[in-house]
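Two complexes come next, and they have one chain in common, chain A, joined by chain B in the first and chain C in the second.
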Partner chain A sequence: MCDALTLSSAASKPQKIARPERRQARAGMALFAPALILLVVILIFPVTVAALLSFTDYTLGRPGISWVGLRNYVDIFSGSSYRKMIVATVLYVLIVVPVSVFLGLGAALLIRSLKVGQSFYKTVYFLPVMASLLAMAIVWEFALHPTLGIVNRTLAMGCGTPVEWWSWFAHGCTEGFPLWLGDRDYALYTLAFIGIWQSFGFNMVLYLAGLTSVPSDLYGAASMDGVKRGWERFRLVTWPMLGPTTVFVVTITTIRSFQVFDTVEALTHGGPAKSTYVMIYAIYQKGIAQNLVGLGAALTVLFLALVMLINVAQRRFIERKVHYQ
Partner chain B sequence: MATIQFQDIRKSFGDTEVLKGVGLNIADGEFLSLVGPSGCGKSTLLRILAGLESQTSGSVRIGGIPVDGLHAADRDLAMVFQSYALYPHLTVAENIAVPLTMRRLSPAQRLPVIGRAFPGSAAMRAEISTIVRDAADMLDIGHLLERKPGQLSGGQRQRVAVGRALVRDPAAFLLDEPLSNLDAKMRVHMRTEIAQLNRSLGATFVYVTHDQAEAMTMSDRIAVMMGGELLQVGTPDALYDFPNDIRVAQFIGSPAINILPVETDAGGAIHLCDRRTGLRAGGPPVEHLGVRPEALAPCDDDELLSGRVRLIENLGSDLFVQLDVPGVPLPVTLRLPPSERGKVKVGDLMHLRAAEGRICGFDVAGKAASVATLKRVASHV
Partner chain C sequence: MTHRFSARQTLAHLLLILGAVIVLLPFYVMISTSFKSPAEIATGTGGVFGSQALFTDQSCTNLGGTEADCLVRPVIDNYSQAFTKAPLWRYLLNGVIVTASIFALQTLIAVPAAYALAKLKFWGRDAALGLVLFCLLIPVHAIALPIYLMLAKLGLTNSYAALIAPWVVSAFGIFLMRQFFMTVPDDLIDAASMDGMGEFAIIWRVMLPTAIPALLAFAIFSVVAHWNDYFWPRIVITGDRSLFTPPLGLREFKGDLGGDFYGPMMATATIIAVPLVVAFLLAQRRFIDGITLSGMK
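Here is the complex of A and B:
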């Protein structure tokens, strides 16, 4: 009996050792546990908390908290600034994304065609990306100052010259050039301009990286196949081969444009007449400046949902078409 | 169909001279292989012929007409690339059609979507798709026309690349190591197919490869390139039997030719390791002898050389025996018929003689030097 027991335990031991995949699985779990914990603690947990807070009237410092259901969302959609917020955000994204993507592509193609001075132009175009946008915003504020700024002073120098046949310009000469950041018809476009100025260098770098991965044999094949003009070569080889890069660039630029905040905060504070009242600025205004955490959280959830929706759509409909496997 | 002539082509990248003045006339309908080790400049030469790169000096004529400075698209050549260079976003049919759409449709007719509305576009597109289908059927890829290159095997991609080249009926085909990305079996198969294509189309083929077996099996003539120079141009037989340079001798043939370091005395007699070989130099002193493995045969007494068996390779159809021979740094390889299987053992001492007229001599510069059999010379005297 006793012998049999020891025998069976001896027999069960090697059985355990004979299953290395189980040990590997355990080791694997131990190894990925830190990543999983971090993922939950710093990503999933805060988002969940924000989602929960969006159904409450929580404000920082007040002891009580009560469940208000969908009231925050109703407030957002019935509020007067809601429409302006969506218009400003979407308009900003719709201007910045295409322009900065195509400028980035154009700059990358031009730089690639250079024989000397490539790194000079790369550095120059990349400077705004490296610089702090808040610091640059101050420079822009000076440059765009209605009377002292270099922009309007330069424009004024054109008065009395043939440029005046342009009616907008002539109007500026008589009535004064726009206030740029202070005019509700110009403020958002001015911010979009700064946004493009700041982000296209980044897109250029991504496109430069993408261009290096285009096999040079394809250009050779295109030449042999009768392609002589640069535009045809671009259409047949460069643009399709940059497909994956373009999807990435558009996605990144879209997300970054949705998140525009620092120029708004530094230059316009959402004004004039809420013409630059973009979403992140609204979240900041409600959730932090006015301490309406519940409302801010609701806006955050909407923002996340919107960005996620756009990303999923991009992945579903475009990404499949640009990876040619 | 056209001849291709080039003269004194030089090409430098910075200080490095890749091509040192090469020239050749390629006949109409000829299959010419440019063969040489990697880095010898053969691909550069092909790209210069194609117009993808410009030569530093020298001239190229296609069909007798100078094409220097002419754009690759205007040279009426087709090229198959080592990487196949298929457009990954286009289907097989669209890939094959590109040379035709680029040449036969106007820029307006080529525009996406609205291009089809231009007059004549529909008829031309229908004609192109008929030609594409015929070419695909000829290459046995008719069932793959709607696939993308990413969904094809290496051999199928290869056929698509060939199809794209031949659909336009060009003056000549340039092929840049087209088989090197295929597995061994496929390579042998495509070898015969490409050679057949050359015969059936009657077009001039310039074929770049580093594989001497491909060059030997497919070509009308082979041009051996090394270090940016053409060492020898000739039929496969001529290159194999009468290499004019020791490097050509070593490059052509598998297993490689046996190179024996020898000495020529004042009287012209050739000595291998202080032993007479029964040979004498016909002209300048001979530094090396080259003997093909199948030109060696066992004999009873020590005629040319003797050595001990080091290794026996049995390929079924052939038996390759490697001998350690004193005074020869590399083992000497000997080919025996399969009937000799089992009769030779490792460690055996073997005496070898060379078949009449199958020994090549090379002088101190590595150039061919005539070798004569001593006995015959003696008998004549």
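Here is the complex of A and C:
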């Protein structure tokens, strides 16, 4: 009805109408249709399926399926291995996010202050973002090999030198340096280190972009107001102006840290003693490898809820920050 | 031009060099190890590129070869073993097939949809854009399990389709191209339309050529993500080696590894990592823009 009206009014106008609205409407729907169908089939429908399956005991290959209510969720929050999963995941995120964001910001500030060599460092620090994480994880595993690896070999060269006043180091010299990935006290931190190594160059690039958008006359104004020292300048001008960048960097680093999988699957399998049993690995192991689909689906729903929560938090934050610009 | 010595600059360089050493360490280990003989790897000798002294390949003598036949250069032995111990060419080819198909299909789906969202008025357009923005928030890890179940029900696991199908629609690609198309003046489209071009011709012959920078950035984003992806192939490819992508192939190499295989394994890792790293070094700015594009949303 509406269409016919606008069409007739368009036709009655004297000027040339290149693209009548009805043709636009038809073409628009037709052109968007494939994307629409695929978005629904590939994204919306699976999310719904996961939500439904999380209330069942479904397993692949068995015909029966029955509702179990909230049992999968209760299992997750009461089982000890799931408590370990939550601890490992949260700890990993709490280490990787602040360190990776801080290093990204630090590298960006240092690089911006250089007179020569800016692009060299930028290239070097961005390399890990490009390289296959799985391949580099396997290389790190070799570098951290207790006997063959370059890390422990280099550390051993420090034995007998003054570095031994550090009691941790002296202990390593007499008892052997850590197994890193094979030691439950070190495994998660080692994975977090690899995660930071891989991700901070990405944050650096985002901060470099953020820094170029800080208007330089702000620094002039600040110096007229007596703000001369580097730290004060940073605290009063740079850091507030980087607010939106920081919100984004923290959000994306957090979401990506929650998704850590490659290093865990290839290097530790969630061990030793479940110390690196992170969420996505748990989804893979329960839902797919062990075919406990209901549990895997419940974990998936929790994971999705977490990601959505972070996104909402980001939006709130941005809305509050927006009047800075 | 000379720079005055500045303590501050020197300190900044020192810190950044220290960081660079740590960042480059695994790359050094990877390439250096791929050049060394098993003995050098076991003892940690051989410097950067190994001594390259000939050594006797154990597996060759086990097969009845004479000492003289089995003398090999470490670097040649490592890289040839990378290709003979596993069908590495096949893995690389699979990687190319999968990443290229994904990108081609993503473009085919996203460009018309983006054009419709940016330039055509149709019923439900705002809702459609809302749907795209909502889908941007759904991480792939959240749909992995249900999609795996769907593929398993259809009997499609262990196939190229399983590797490619879940990625053919990219909400990010649609959004990115839409943002770009918004900046194209309407007059250009009206003129093309009055020349008698249909919507399809307008999309592929008028709109797309103007959007080459955006498309290139998206291509880099997509290719890097899927060449390096390990999570999804790990889930849907179980056992059929002829479908392995490069990361899966490397993972398998590690799986059946004895102590002597570090050389060939590092050679494999080098071969897998090198194409993207070289491409990155050649076109740094484009790569950095492409990868950090996700910063635009």
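Some observations on this one:
Throughout what follows, the second predicted complex is superposed on the first by the 271 of 325 C-alpha atoms of A that agree within 3 Å, B and C clash if a C-alpha of one lies under 4 Å from a C-alpha of the other, contacts with A are read in each partner's own complex, and residues count from 1 in each chain.
In this text, a residue touches a chain if its C-beta (ideal position, glycine included) is under 8 Å from a C-beta of that chain, and two chains touch if they have at least 3 such contacts.
The structure presented is a predicted model; accordingly, all values stated were derived computationally and were not measured.
In the overlay built on the shared chain, the residue A:Gly243 is in contact with chain B alone; chain C does not reach it. Of the two partner chains placed around the shared chain by superposition, chain C is the only one that A:Leu148 touches, whereas chain B remains out of contact. Touch criterion met: A:Ala135 reaches chain C, while chain B stays clear of it. When both complexes are overlaid on chain A, the residue A:Leu94 reaches neither chain B nor chain C. In the superposition on chain A, contact of A:Lys228 is made with chain B only, not with chain C. Of the two partner chains placed around the shared chain by superposition, chain C is the only one that A:Gln24 touches, whereas chain B remains out of contact. Once chain A of one complex is fitted onto chain A of the other, the partner contacts of A:Val116 are limited to chain C, with no touch recorded for chain B. In the superposition on chain A, A:Thr300 contacts chain C only, with no contact to chain B.
Counting residues of chain A touched by each partner, chain B versus chain C, the larger count belongs to C. The contact sets of chain A with chain B and with chain C never meet.
Every residue of chain B that touches chain A in the complex is listed here, in rising order: 47, 50-52, 71-74, 77-79, 81-83, 85-89, 98-99, 102-103, 107, 110, 148-151, 164. Residues 3, 8-9, 12-13, 15-16, 19-20, 22-27, 29-30, 33, 41-42, 44, 109-110, 112-113, 115-117, 120-125, 128, 131-132, 135, 137-139, 141-150, 152, 165-166, 168-169, 171, 174, 189-191, 193-194, 199, 203, 224, 227-228, 230-231, 234-235, 246-247, 250-251, 254, 262, 265-266, 269, 272-273, 276-277, 280-281, 284, 287-288, 291-292, 294-295 of chain C touch chain A in their complex. Across the complex, chain A meets chain B through its residues 215, 217-218, 220-229, 232, 236-237, 240-241, 243, 322, 324-325.
By the touch rule above, chain A contacts chain C in their complex via residues 16, 18-19, 21, 24-29, 31-32, 34-36, 38-39, 42-47, 49-50, 53, 60, 103, 107, 110-111, 113-117, 119, 121-136, 138-140, 142-143, 148, 150, 153, 197, 201-202, 205-206, 209, 248, 252, 255, 259, 261-262, 265-266, 280, 283-284, 287-288, 293, 296-297, 300, 303-304, 307-308, 311.
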